[in-house]
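Across the two complexes that follow, subunit A remains constant while its partner is subunit B and subsequently subunit C.
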Partner chain A sequence: MPIKAMTQEWMDAYKAAIQADPEYKSIAKDWEGSVSLVVNPDPAKNVPEPIYLFMDYWHGDVGEFVVCDKEKAESAKFVMTGDYARWKQVAFKELDATKALLQGKLKMRGDLPYVVRNIKTVNKVIDILGKVDTLWPDDNK
Partner chain B sequence: MAYDSDLSFNYFGPTKIVFGANAARDVDIEMGALGGTKAVVVTDQGIIKAGLVDGITASLGGRCAGVFSDVPQDTGVEVVNAGAEFARKNGADIVISVGGGSVIDTAKGMCILMTEGGTLRDYNGVQLLSRPQTPHMVIPTTAGTGSEVTNAAVIMDKEMGQKRLLVENFNVPRMAILDPKMTEKLPPLLTASTGMDAMTHAVEAIHSIPHEPLTDGLALHAIRLLYRYLPVCVQSGSDLHARGQVQIAATMAGWAFANAMVGIVHAMAHSIGAVAHVPHGIANGILLPDCMEFNLEDAADGYAMIAEAMGVREKSMDDSEAARAAIQAMREFTRKIGHPQKLSEMGVSGKDIEKAAEMSLSDGSIVNNPRIVMDSAEILEIFQKTM
Partner chain C sequence: MAGGYAGKFLRVNLTEGSWGDFTLDDDTLKRFIGGSCLAAKLFLDRYSLDADPLSPENPLMIMTGPMVGSGFPGTSRFSVCARSPQTGIWAESACGGTFGPDLKRTGYDGVVIEGRSQGPVTLTIDDSGVRITDASSLWGRDIYEVTDEIKAHDKSVKVLAIGPAGENLARIAAIGNDKGHFSGRAGLGAVMGSKNLKAVVVRGTSAKAAKADDEGFKLAMKTAMQEIKDSALAEGLHMMGSDANMDLGMVTGDVPVKNWTSGGEFDLASNLSGPTMREKYLTKAHACTNCPIACKRVVKVDDGPYTTEEGPGPEYETCAVFGTMMMNPDLTAVIKANEFCNRYGMDTISCGSAIALAMELYEKGEITKDRLGGLDLSWGNMDAVLKLVRQIAYREGFGDILADGAVHAARRLGGSAMDAVVHVKGLEAPMHDPRGFHGMGLAYMMSNRGACHLQHFVLATEQGMASWPQLFDMKDDYEGTTSEGKAWLVYNSENYGILANSLSICHYVAYAIRPETLRDAFNAITGFGFDFADLLSTGMRDWTLKRGFNNLLGISKKDDILPKRIMTALEEGGAAGSVPDMDLLLREYYALRGLDERGFPKEEVLLKLGLNELKERLYR
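Showing the complex of A and B:
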């Protein structure tokens, strides 16, 4: 049964999927710091308001994974912002996150070299995201 | 070269180019076209001493809000903050940078602060801006960085002990005036090393993973022009035709790498620059042939196109043979222009390359390299060949 994207239930499922992944712990052993994803509203795709997602990653462990308010999102070490359609492309691996940043399709507040240095961690969490059975706001399921 | 059937890319290159000998004299007219009324000129002491700023300030007349010339070889956060403060105090609404990479990057940082306020430390990230920034005209005095058409700037933050990378599409210079007279007095070694910087941008744009037909076209013609005219500039600096062709090549290579990115050569050059202070262009020029050798199997088709551009591909050659011919020609080319051949000539030690090899793995450019690099030992091996 697919879970509605960007809801707390979906965040819990995503966190569980990361924790269950046999490779994640070793790949992400060097990553420290929280990441927020800000999804810009797109009423035409059933995203009427901005959505803020906060995820805490620490040396292969995962902490708080919550749908949050703007203030909490902006407290993260890395804040990545983009249109809903872009995020969906990232989740489906149709868009490379690093390339998207450099092309201006996504914005990021934070240290880019750090992200690049840990690109395997970034790619791994995107891989896992793709495995979460998701109902996207503009899906007609 | 064949491109994937699902090829998709964004090409972004909004800078207007004005080219010609003495074109810099039109700075006042061109400034008006950008809506500027008072310009701050950003430069360095060397450019002032070379007399390259006088004609520009004379053309600007009362439209010159002042000259900010406190830009060191590697610019820093404090320099940008001070430059922006100078511009604000003097009522400037447009920035004209006259110089090389450090000057242009300083001006890019100033444009952000002049529009958004605050200090440079407030802008730590990528593509954070949401509106056009203060207009920026660039008058390059070297032909190599391509910074006149790129969205990036590198600015040292001594307090934080790191280089800040600004990447902002809203902060690309609006115009570049390529005036061959501005590079006429560049000495041979600097001509060669800045030219090899441009050559490296072109080659890396071709072998990088995100390369596409537009960037390949720009890079290949840049290589043709550099291969033909850079040796002429080194031999005869006052040949304005050759100087102009190399300036155009550097700008084309700038557009190419700004969109297609760069790879292992830049990752290694950034690192050895940080560890042993090897100038960027020289590091690129020394490392380029050995890095091409490293990438050979993964980029043979691209290097075969380079061989064609250099005129060294024979009809009987397959892509792999042509790629080898391109690498050999590149080695000979660096010798022909009197470019340093070894990092050891630049005072680099064995310990330096060990440290730089580790750092290279963390450099943002490495992810675009056609051959995936997993281990710093692979990079160290390339460094060792250049010692």
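Showing the complex of A and C:
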């Protein structure tokens, strides 16, 4: 049964999927720090308000995974912002997140060299994101 | 006169010790713009293709473009061009740094150097004129020493110099500008050495090329600065330099490992990466004239066996070729090798590739320690590598065999050597593996100076650093390990990207700004009023002209080929199991480019591009 994207239930499922992944722990062993995703509103695609998601990653473990407010989102070590359609492309692996950043389709605030150094971790969590059975706001299901 | 041009070119004959000016009409400038494109046109019009590249008859051309000196970001560049002593075909090597704008301010758009001086000389071009002076006291000295010596008299001058490798006619010799910027590829340093020309010194302050539309230029400039400020690519380059690619490229299968035989060496990459250089050895970022990105590294190594004074740091290509390619995890050894190559004046890609080849042959027992003069060339033995770098520059011992590049070396060494060289048309491939990015494989096959990542923007478009659907039909994201749709991508990325070396703008800046901004700045400077179609067709003319140049030298379809090693799949890493589909890529590309069965541009293509004289020569 697909879960509505960008809801707390979906965040819980995403967290569980990361925890269950057999490779995640070792790939992400060096990563420390929280990441926020900011989804810009797109009323035409049933995203009327911005959505803020906060995720805490720590040396192969995962902590708080919540839908949050703007203030909390901005407190994260890394804040990534983009239009809803871009995030969906990333989740569907139609657009690589690093390429999206370089092309300006996503924006990031945070330590870029750190992200580059840990690119395998970034790729892994996006990989897992794509595996969460998701109902997107503009899906006609 | 078209805007952006100083209005005249300098022709120097070193045999006669004479010089004079010449001009070109606006129509020629509009069709061939400047830089390497204009150089190819001049070469075909005025010089013989039959001359040995190291003979006095091979002209050495140092060309700027109309954007140089404008103050627009990334336009400090110039191209050095000649027929290559390494490959025998067209050679061009663009360089950033400081030299281009100063040359332009002396009142010259470019310099064509003919002949050969009796003894070592320096060519000086400044506001007061042109001088050829004795350089005997500089001969034999390395590029850092020569640059310091010349600048000791006047630190405002800009210096282009060769080192011992150029003097010794190593066919992989480079030309250095102010120590940190190099025209590295295809042996142009040897052409300069063959002319007994140790240095070209410029200092220009007075001449100013008028812009066609000052207000339009200011607007384009402001837009470009904002786009660069907003660009994550520019930010990454500033923070990590070009070596930002090391970690990312190891994941995608871009980085060659162990002379192109392995992949997936993540720890190795991490040791050699841009973030590591930044954390441990970077003292500051450095910029070419008028560039807000400042991707250049200045590094210093305080401890260990490879200490270095503060100086220019290695690019990604150097980190790969003296790092992953040699199974060397020590970034300080790469920094040292980079310093040696800079000082001796050698292209790091060619030098490192030749050594990596020798390491493989040593492992296989095809080269013995005896033949190496006692060097143990085991993978990762950087003490031996550094000794060999010096031997190459001075053509000493085994270094003499490697001094002409990996292909010449493989021919001399025999055995399995040729199968272990990754090159196209005699030029060693840069450090981007076509098994991870098939479009790059096609670009290597079709680049006019041999395997090259800088005659086009394929690196940017295929790897997703830039997406320009306003220029041509393209996707946001291409899978690297497929050949489908890549001919179209490469063809268009060539037509746009080849302009970098005629307009004379840095690739990185062109990746970071929108094509609209580049077009508007170009038009505001020149007054040419080009739209995207005009720009792309100028790129087509540029590519076709150089292809024709090479066809006249015997290049044909048989030479458009990837080497055996690249057509052998890797077992690990991001490119595992993948090889480019050469037949598909070439078939589609040939159709797009209008090449006939021999690999020659068809007559109608040449006529459409206004290359009538070339058509006469190719079809006589």
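Here are some notes:
Following the convention adopted for this analysis, the second predicted complex is superposed on the first by the 141 of 141 C-alpha atoms of A that agree within 3 Å, B and C clash if a C-alpha of one lies under 4 Å from a C-alpha of the other, contacts with A are read in each partner's own complex, and residues count from 1 in each chain.
Definition applied: a contact is a pair of C-beta atoms (placed from the backbone, for glycine too) under 8 Å apart; a residue touches a chain by one contact, two chains touch by 3 or more.
Small disclaimer: the values here were computed from a predicted structure and weren't measured.
Touch criterion met: A:Arg109 reaches subunit B, while subunit C stays clear of it. In the overlay built on the shared chain, the residue A:Met6 is in contact with neither subunit B nor subunit C. In the superposition on chain A, contact of A:Ala28 is made with neither subunit B nor subunit C. Touch criterion met: A:Asn123 reaches subunit C, while subunit B stays clear of it. Using the contact criterion defined above for the overlaid structures, shared-chain residue A:Lys99 touches subunit B and also reaches subunit C.
Of the two partner chains placed by superposition, A:Cys68 touches none, neither subunit B nor subunit C.
Once the two complexes are overlaid on chain A, the subunit A residues touched by subunit B in the first and by subunit C in the second are 98-99, 101-105, 107-108, 112-113, 116-117, 119.
Across the complex, subunit C meets subunit A through its residues 230-233, 235-236, 239-240, 244, 247-248, 251, 266, 270, 273-276, 278-279, 463-467, 476-477. Across the complex, subunit B meets subunit A through its residues 10, 12, 124-128, 162, 165, 167, 169, 210, 261, 361-364, 366-367. If you check the complex, the residues on subunit A that touch subunit B are 79, 98-99, 101-113, 116-117, 119. Every residue of subunit A that touches subunit C in the complex is listed here, in rising order: 89, 94-96, 98-105, 107-108, 112-114, 116-117, 119-120, 123.
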